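Got some structures for you, see below.
Each of the next two complexes has chain A plus one more chain, namely chain B in the first and chain C in the second.
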Partner chain A sequence: MEGSYLFSKRLNLQKNLIYFGFLGIFLFFAITLYNDGFLTTRNLTNIVLQTAPATIMAIGLVFVLSSGEIDLSFGSIVAVSALTTALVLQSAPLIMGIMAGLGAGLAIGFFNGILVAYLRLPSFLVTLATMGLFAGIARSMTNLRSIPVLNDTFTGIFGSGKLFSIPSLVIWTILAVLIGHIVYRHTRFGAHILAVGDNARAAQVSGISVARVRLYALTLCGGLAGLAGMLYAGRLQAAKYTLGESDLMTVIAAVIVGGTALYGGKGSIIGALFGSLMMGMLNNGLILMGLDVSDQMIVRGVIILLAVALSLRNFNRI
Partner chain B sequence: MTKLAKIFISTILIIFLGSWVSAETIGPGGESATPSSEIVVGNDLVASIQAGNYTAALLWHDQSDFVNAVTAGARDEFTRLGIEVVAVTSAGFDAAKQRNDIETSLARNPSIILSLPLDPVTSAAAFEEAKDAGVALTFLSNLPSGYKHPDDYAAIVTDDLFEMGKQAADALAASMDNSGTVGWIYHDAAYYVTNQRDNAFKTTIENDYPDITIVAEQGISDPARAEEIANAMLLKNPDIGGIYVTWAGPAEGVLAVLRANGNDTTKIVTLDLSEPIALDMVRGGNVVAIIADEAYELGRAMAASAALDLMGEVVPPFIVAPAITVNADNILEGWNQSLNIDPPSSVVSAAQN
Partner chain C sequence: MTEFQPVLSLRGIHKAFDGLVAIQNFSLDLFSSKIVALVGDNGAGKSTIIKVISGIYPPTSGEILLEGEMVNFSNASSSRSRGIEVVHQDLALVDEQPVYMNMFLGKELTKTPFGLLDKARMRQESQNLVDGLDVRIPSTNLAIRNLSGGQRQGIAIARAVHWASKLILLDEPTAALGVAETAKVEELVSSLRERKLAILLISHSLDQVFRLADQICVLRRGEQIGIRETCKTNKNEIISMITGVD
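Let's turn to the complex of A and B:
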């Protein structure tokens, strides 16, 4: 009995690794950088604002990974959506810009989904190819130029605005996490995602349309990457082909550290949020510590490696 | 002509010629250039700067030998002035990360930010908060859109970009006895620094070397594609005399193609120091010259102009550091003059043999 109690306690510790890790890193920076601005409201808010696009991409990736697939193209979708929105906003009203950006993300996600779900091509290879394809399209869309976003309403809603003193990027993060969590944990679609990711053949036999679930997961991931692109465009008041390019590894690490299995059937939206915040907090704290850039990269790499190793060890045991 | 008139005309000529030479590299807003050697914090100001307990953040665009040398120049000058460096970042050419870096460093309330804005459009909003907080901003090479001197920033410091392109043309032409055909591999992006250097090369060849013809022009945005581009260029122009490559990264690819084809006659000139390129040059290979900038001096001048701005001194809006033509004969001194470090041991031993 005692052994089983200890085992279950240990399991809880491992299951909640991301939260303990997050808390540990937060406390470390809070103590070491006490006099260096880490704990100021502005700095803590900055961490949430800076990680908002990555958090939203991470939510999309949780759905895709949980279904047993992967999406490597979301960084390129971010750039295409941001540029599409910026270009449309130059000559069309706000709603058209939003629909264009979101539509571009959904359309690319749908394209990935068709290739993966109905043509039965491996998602790793499909999205590796579309990552390059849409990165090229993003470059050629504006001939490598940055496009300014001058629509104040757009930059307010998607970037620098506030509602009841809460920054709009924080609101987007909360909304995406809440809706994502409810859909993932409390809807039939969420259950189907997990069932397909856990055992696609069993899911098929039990009447779930595996292809449709995969299509929806990749489309949703594309749509959320599109939203992340618009958040970047709103925050920078401009769009550029490089947006999202460097987010791939950060987002994958955030999702894995947050408790989502790389091979499907298990995941956590709240974990992905904390994984993303942890990545942002690491970047923030290491800069404030005054470390050289190379040292920042080394420390960040070691911490991520440790966190990922512990998370994956967790899955192996279970 | 009276003596007074001679002095007057001489003065006018000196001013005219001086402005003509320095005006070749112009600022992003058309500003005329001031040599970096004129930006000096005098001993009379050092004590009051030291008493101010000022701090600085260095928010770079990327990591490289160049950035390390700029950082070293800035750090040394800041140390002399008693200014503490509280944050150093690299955005990895990511505009969103650059914005994050600015916001994060502001938590340390720096008095000075030295940075290379990744591009005018995206960095306009990114530096807004720092600008509004009254931080002394000194930019390397680029300027955020709509920023006005001296209210919004202390200065832009950059290389003598036109001179770099011109020296590349002169070096390549000299290696070809001022006649023949050349290929022009330019940076295919709207980027102020490389655009000015590339265009200066082309303009100089076209204007100063009538017996040299540019027979192939090819843009490059991804250095990894340099080999494909060079292959195509050589296929169409097998007897090409020389190739200008926009910077050292893609030049390594072009060099690899020449070697693979057994071509030891086509000359290469490129910009920015690189070990493989320098090694080929020292061993008498295809590379005839590398045009470098004085990166350490850039950092020193950035730090000095920011400190002068903090003291309320007038700082010129656009400051340029000189260019150096590095060849096999001056590689050891040239490397040190540019990056403030000794050349890699492979280059040193090849140069000494």
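Let's turn to the complex of A and C:
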């Protein structure tokens, strides 16, 4: 017993893979791309700014995966929320725009949650369907047109603004990670999510409302995707149906590489942050290396495959 | 409340799962400081009775009275809040979580002002608990996954003992245990009488049942065959009640 305890402590290499991987890739680019400006403050800040929406989506996904469910629809929620905000801001004050964007995300997440938690439909199929459904709705909302966001306060808060010379997107990232981590690790809600994802029957017979926990996890994920949509709209000063479309693979990879189990019961918010930063760094580095788009996709695919394989490989599994 | 009022009374409990009758017309009184054993072959309906009492399955019909008051638990949290605890056959532990989180599963301690988990206190109280009941584990920080079968069983029992204030339901608590551990759990179950708890014990070991129980209730394919005082019956009678063969 004592022996296997020590053994599991030593095996932390796999558990902390994300941090080694992050450091490895960082050092690789820092050396090979030194002359291309990878290490400049400006470039590094840019990476964080560009990954902010993905990081926020990743936090939502950690909650959903940990509860034993999955959400494939968050990319579509991003687009619907961004468009909703942009449309509302055309004729209504700031606070209405924010509430509409966030509300749209929460509402879609809640819709997913009701179908999954109370009708017990598999979340994979439910969110696969709502991914398509809301991607369609995003397209039809504005007839594929892009909607400009001209409200300066909004673009300041959710995009290019600064507070004490810290870019607002960095502040959003830090806030979301900090609060996400505390909720995940240090509240009863977080503990119940992990219990439900690990052993739903044990959670149920302990008096935890399993359905409610699943509903809240999916709703939270929708709300965070809504926030991510507003960050996109703020930074780009426009909303379009394509927002969030290409984030599905990146965000899932970031979360899995960050140490969250695909089948529930364990995960890490900080790991997801580093996973997301690693994906951003990879994008940035491959562009600086001068790879064309198709080569970038191939290299990124291979690296994600490698990272996911390494972090999911269970040497004790039959 | 009189000395002789049962802690829990079941009256005419029926339970059917989409047509399949799992329990029919089951009645039983459980008294404080008394151990009743529930015996019967596999699939007789023993675990189902426990789940009906603890609010996990609603009975199809029948009445449940807790200290004379009719109750209708809709989930495990309502029965737990009334002092009823279960050691489930599958233990109901969360593998990836540490011992102390399992000990407080569904009843996590929080601290002011933000209502965050009080992990230090949960660790400390869990440690006291496992020490007090002599459950030997290296640390309460260890995930359940890293414990042996016997250690897990010890944790599940310790958890139930900790929270139970009226009634404890044990579904084969020694199923995974070795000889020494079984003896220890039997001693513990016996000592629960001193805590004034009412105890319902499910076991396939008739030796154990005769060692521990004050009364023995026999179930065969959902049918209640009878209740005997342990001191007024013998194994042969119980075996023939279980199997239906004389």
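By our rule, the second predicted complex is superposed on the first by the 303 of 318 C-alpha atoms of A that agree within 3 Å, B and C clash if a C-alpha of one lies under 4 Å from a C-alpha of the other, contacts with A are read in each partner's own complex, and residues count from 1 in each chain.
Methods note: a contact is a pair of C-beta atoms (placed from the backbone, for glycine too) under 8 Å apart; a residue touches a chain by one contact, two chains touch by 3 or more.
No experiment lies behind these values; they were computed from the predicted model shown.
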* Given the touch rule stated above, what does A:Leu236 touch, chain B (first), chain C (second), both, or neither? -> first
* Which partner does A:Glu245 contact after superposing on A: first (chain B), second (chain C), both, neither? -> first
* In the superposed arrangement, does A:Ala203 touch chain B (first), chain C (second), both or neither? -> second
* Asked: Is A:Thr41 touching the first partner chain B, the second partner chain C, both, or neither of them?
  -> neither
* Asked: Given the superposition on chain A, which partner contacts more residues in chain A: chain B or chain C?
  -> B
* Asked: Touch check for A:Leu194: first (chain B), second (chain C), both, or neither?
  -> second
* Partner chain in contact with A:Asp292 - chain B first, chain C second, else both or neither -> first
* Looking at the overlay, what does A:Arg145 touch: chain B (first), chain C (second), both, or neither? -> first
* Along chain C, where are the residues that touch chain A in the complex? -> 54, 56, 75-78, 80-81, 86, 88, 90-97, 101, 105-108, 110, 115-117, 119, 137-139, 142, 146-148, 151
* Residues of chain A touching chain C in the complex -> 1-2, 4-5, 8, 182, 186-188, 191-192, 194-195, 198-199, 201-209, 261, 265-266
* **In the complex, chain B residues that touch chain A** => 60, 63, 85-90, 92-97, 99-101, 103-109, 119-122, 124-126, 145, 188-190, 221
* **chain B partner contacts - residues on chain A that touch it in the complex** => 36-38, 40, 42-43, 46, 49-50, 53, 139, 143-148, 160, 232, 235-238, 240, 242-243, 245-246, 283-284, 287-288, 290-294, 296
